[in-house]
């Protein structure tokens, strides 16, 4: 029988996760004896993920690799999965330590936190006002990155974060929040949106407000969704790790854990195929790679991939 | 005297036997549907017929069903409460606050139930004292209650509930029989008896069929409705305890969208959304139907949104098909 | 309301009505020959409802320029035939012929198009729409682009209302009108449709004496215009006053038809109920006992003021007044529905604070409301559950229902009132008006009250059931129950009451007993025509 | 006189007060340009509220509007991707027709099978969303995939206002005429005011409710295209939960959930009231965490207010009371 690895995402239909699924399939093809079950709830709720994971437990899959909607809420269910012999790892958005065997960060949080402010600051040599447009108030990732960003603010004198608002990863709300930011802060120079929904909406809002060239939208986004914004000039540059690589790596790690040729413990190294190796820290988590910057010079190469 | 001129006619009590009526009832139809789905599921997935799988499947509906019982009574009485999921959020948040203040499990439970009651009272007062339509009031409180959770929690979360608190949502009473399932089963019996065998239940039906005539008949309509709102709040508080215990944490987004699933369950159970009729056995079967459909499709890794198509079709189909059938037969 | 001559104003209004083609006045030019060929004839009509055969092969013929009275007990099928004629129900068998040609009325619109219009038993109007909109809903005059010509609609509405002497504003929303005015709007609506056949199902039930007189004149006018009129009423004086022919139904079957001139009241009643009915109000030996209820200074900010009376054991106290005198409002305050601003009620000497009907039942005061469809019966629930609803305490144990005792109680009281129904678990809504009323009365008697308030207990009830209700009232009083009877019918008030309180515009204006109790004194006080000579 | 006491006047007053309050915190909010922007942002809500009003007037409710919007929007977006050359006129016709067809499904179930509207639309709401998932396979349609004319239409400015705003104004005017001056409008009021009496009047209650659902669906379909064009993205969850905002706007606008009562003006004002709150909160620097609670409280207060205004004077028969009234 093929080994069954379940890739559980925050919600189906999000371009980023669809790309990660491609990576997972790539890994499966490379490994040969692996069947990928790509699944997740329809909206980004912990309850929805729990239902999905319960049915995976019932199917007795070999491994679950999950990007969590809530750090804590999945823990009891995932514990149950591990008790029934299923290998559990988290990737992208993590689960509290007791709920998984290891966690794969797309990049390290400090690197991302630094990257998003650097993207804004690079275009503001004189300094200026920037605002953050985040996803939901409960998103684990965004909150950590914003925290990390605040830690390194000292390295960017003259840059001032004037506000942090939440678009809830809804296009219309993000759009309205971005518009609100530009009204409240007429001198705003940049909007940092470390979320792929928010960054698109913010770019659209800047175009509609006629502020292209005055307000630079940056943050984390998908090349396919941001191609238009880069072309119009609403966004000079943005970053993202490669979700294909991320799905690929998570699958590889899950495979090795399930096969039993690797263990998840502090200090261990686990092979990620073409992505090299990941080394686990004290919290049994590790980082895949640095975020990658996209701008007008390279966007065309990526916009059709993910 | 003209009255004495003719003998009073005697009127039979009932024309049909209770059994005949039961066989023709909605509940029987629903039971057939439930059994059909069960059989389909066991053919569709090799993992379905497994005690632990089935036990896990019950978590898909136990919390919703707890609320659905009280909601069924409320809807029979001609009202509705769309704020139940938000009450869960607020009750869970209140428990989190209590936890920060050092409360232990018994206090947490009291806080959860108490918050539910308070929210129910708020809805109840607006509806019964001010005479506002409940659908509108609870659309408002739906935002208000969850909004308060957001104000308190913001982007934070409460975690670190005591180990024994986990019993409610993660504990098992016996083998695969979970604590939640036992609560569900007990409540099914209690609500069934209350609605079908007591004066209060009769009053609920009377209010739902004609509140004015019920009032003129000496039923304290406002009080009946108030009690039902309190019960619905209390059940939401109970569901909040179970859900919080199962998740082990509180975030303001907890239970989002649950109100519609609860209403769907009640309506699928044959409760007339316009009030006046419905039964608890119907709701119990509907809970199983919904749990079986979602779990069965889950085993086939069908995305949740596609499942919701099935639920939607089931909701309309189970009501529409008998009517369509009757129409075609008449034509 | 203006003076009596205004019906004569109708012809002057002619130009306003549909100038293009034969408006409602068109028939004026035709000679209203009362020929022997019916305009509308029904034959072998069958209509079944689940469990009831409401009409079982009945026939009915309406002649131009004549009023045909349709007579029958409650549930005889009178309103059902009206609904069939107006396209609301479809018959299960039989045929309808208009001028000899078979027709069908699949919708109300089709019936109206064929020239059949009706004033229905229940007012079927729209509270949120204006008077003019109510009159012309469905056939409003159209102007440019097919849009409603509001100005013309109001003008024509005004003309019709003037024609029947109704003075209300055409722009006012219907909810702001009184019940009698609403009825006048319903009549105007029927007149606004080009009709050859006008049906009136108990049109006078909600009208005051003066308005009734005006309605009679209107009927005469319509007759003169050659219209065929179907008139349904339980009031015999009325039938003899205006009808030319009669048709009698009993239990959904055709009994007889003929000319009024060839029959007398006793014969009609005999045909209607299938037996002779003693029309004399049951006299009984008044054994009046101690005071049961004393009401002192009951007042309400807008509805009534300073009501005082005392009620004794075994007494029947009548409340007379014109429709809208505030009697019902006051009675409802006695059972805690409307809250009085002042006043106390003592039951058997003790002050009882009554905030809700539940308190009233505790105190032994029960109220049989006037509006049985809305306030009296829960029409969607079975008969037995309706009967036991206020007495659930008796048929249950520790709050748990005992079905056998419920049925026993329901059986006892429905038999005492000679209820007619298929079974005790059929919904009340499927009964005729009179039988519904019996269910409501049964429900209240089952509580074994001290005081029973009957608000228009025989309104819309056939003569046979009416006698039964009167008998029952006497019997109750004889057993020591105190009865308050609100009624607008003078014979009933005179025949049944030991004492009568007259109300006008929310105030008690007279308390009459013994020799003072005459039709003249009642009318004089109710209408406010005092010794000063003019209306108050 | 009667206007001053009407619900519309009270609501207008509340909106002015709200604007004044916001202006004290952030003066620029009431600049005409910003007010125009707020109006534009609220346009979809206005259009949807007008459709919902018609449905509520006939004693129904349409919970599927947002799902209808999302489905129609997705179809328009996919159509645009497949055939970028398709003129906007055709897209608009498709949006209106598809929306109306989806509304007709609701209407038919209510009319022909007599299923309570809340049940029907609760069902179709989830079904429509599911169908979007099946159609799109869960994929997004992004701005760069849409043609410039497709996304540009709604924001094209005419006489200082974007086309989106003009469409809302046009819809409002048409609805005003339909509801007040046509037999159909009267029939819709009558059906909700007293369905029993409507039958006696020759109005087909079921068919009127069907028409109401078709109108609501058609306007939802129109909004579907406009929404997708404006935010330049289409995915399954678009306008998720927006149906409650729409119902809330109607309720705030004084449309009685019991049917038969409500005006076009009320629906528009109700939508504007919510729209202003939504747009004002971010700029007056109220923590985003307060937003939900504030809109909830606003709904409750508005309903309490409406109920007071709605309370009938009742019948007064005491002469003394009449004088003091």
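Chains here go by letter, A, B, C and D, matching the order in which they are written, and residues are numbered from 1 within each.
Just so we're on the same page, contacts are C-beta pairs under 8 Å (C-beta built on N, C-alpha and C of every residue); 3 or more make two chains touch, one makes a residue touch a chain.
From a predicted model like this one, the values you see are computed outputs, not experimental measurements.
A.B. asks: C-D versus B-D: which interface comes out with more C-beta contact pairs?
C.D. replies: B-D
A.B. asks: Return the distance between the CA-based centres of chain B and chain C, expressed in whole Å.
C.D. replies: 43
A.B. asks: Centre to centre, by mean C-alpha position, how many angstrom separate chain B and chain D?
C.D. replies: From the centre of chain B to the centre of chain D is 30 Å.
A.B. asks: Hey, how far is the Cα centre of chain A from the one of chain C, in Å?
C.D. replies: The mean C-alpha positions of chain A and chain C differ by 74 Å.
A.B. asks: Can you tell me which residues of chain A touch two or more of the remaining chains?
C.D. replies: Residue numbers touching two or more other chains: 12, 42-43, 137, 166.
A.B. asks: Spell out, as numbers or ranges, the residues of chain B touching 2 or more other chains.
C.D. replies: Only 150, 154-155, 303, 305, 308 qualify.
A.B. asks: Multi-chain contacts only, two chains or more: what residues does chain D have there?
C.D. replies: 129, 133, 138, 236, 289, in rising order.
A.B. asks: According to the definition of touch, which chains form touching pairs?
C.D. replies: Pairs of chains that touch one another: A-B, A-D, B-C, B-D, C-D.
A.B. asks: Which part of chain B faces chain C closely enough to touch in the complex?
C.D. replies: 1-3, 5-6, 8-15, 197-203, 205-206, 209-210, 212-220, 276
A.B. asks: For chain D, which residues count as touching chain A in their complex?
C.D. replies: Within the complex, chain D contacts chain A at residues 26, 28-29, 34, 37, 41, 129, 133, 136, 138-140, 142-144, 155, 227, 231-233, 235-240, 278-279, 282-283, 285, 288-289.
A.B. asks: State the interface residues of chain A toward chain B in the complex, per the touch definition above.
C.D. replies: The touching residues are 12, 37, 39-43, 45-48, 50-52, 54-55, 57-60, 70-73, 75-76, 84, 96, 136-138, 143, 166.
A.B. asks: Could you list, by residue number, the parts of chain B that touch chain A in their complex?
C.D. replies: 45, 47-48, 50, 52-53, 56-57, 59-60, 150, 154-155, 157, 159, 166, 169-170, 243, 246-249, 251-258, 294-295, 298-299, 301, 303-305, 308
A.B. asks: Give the list of chain D residues in touch with chain B in this complex.
C.D. replies: Residues in contact with chain B: 61, 109, 112-116, 118-120, 122-127, 129-131, 133-134, 138, 236, 244, 247-248, 251, 257-258, 287, 289-297, 299-300, 303-304, 307.
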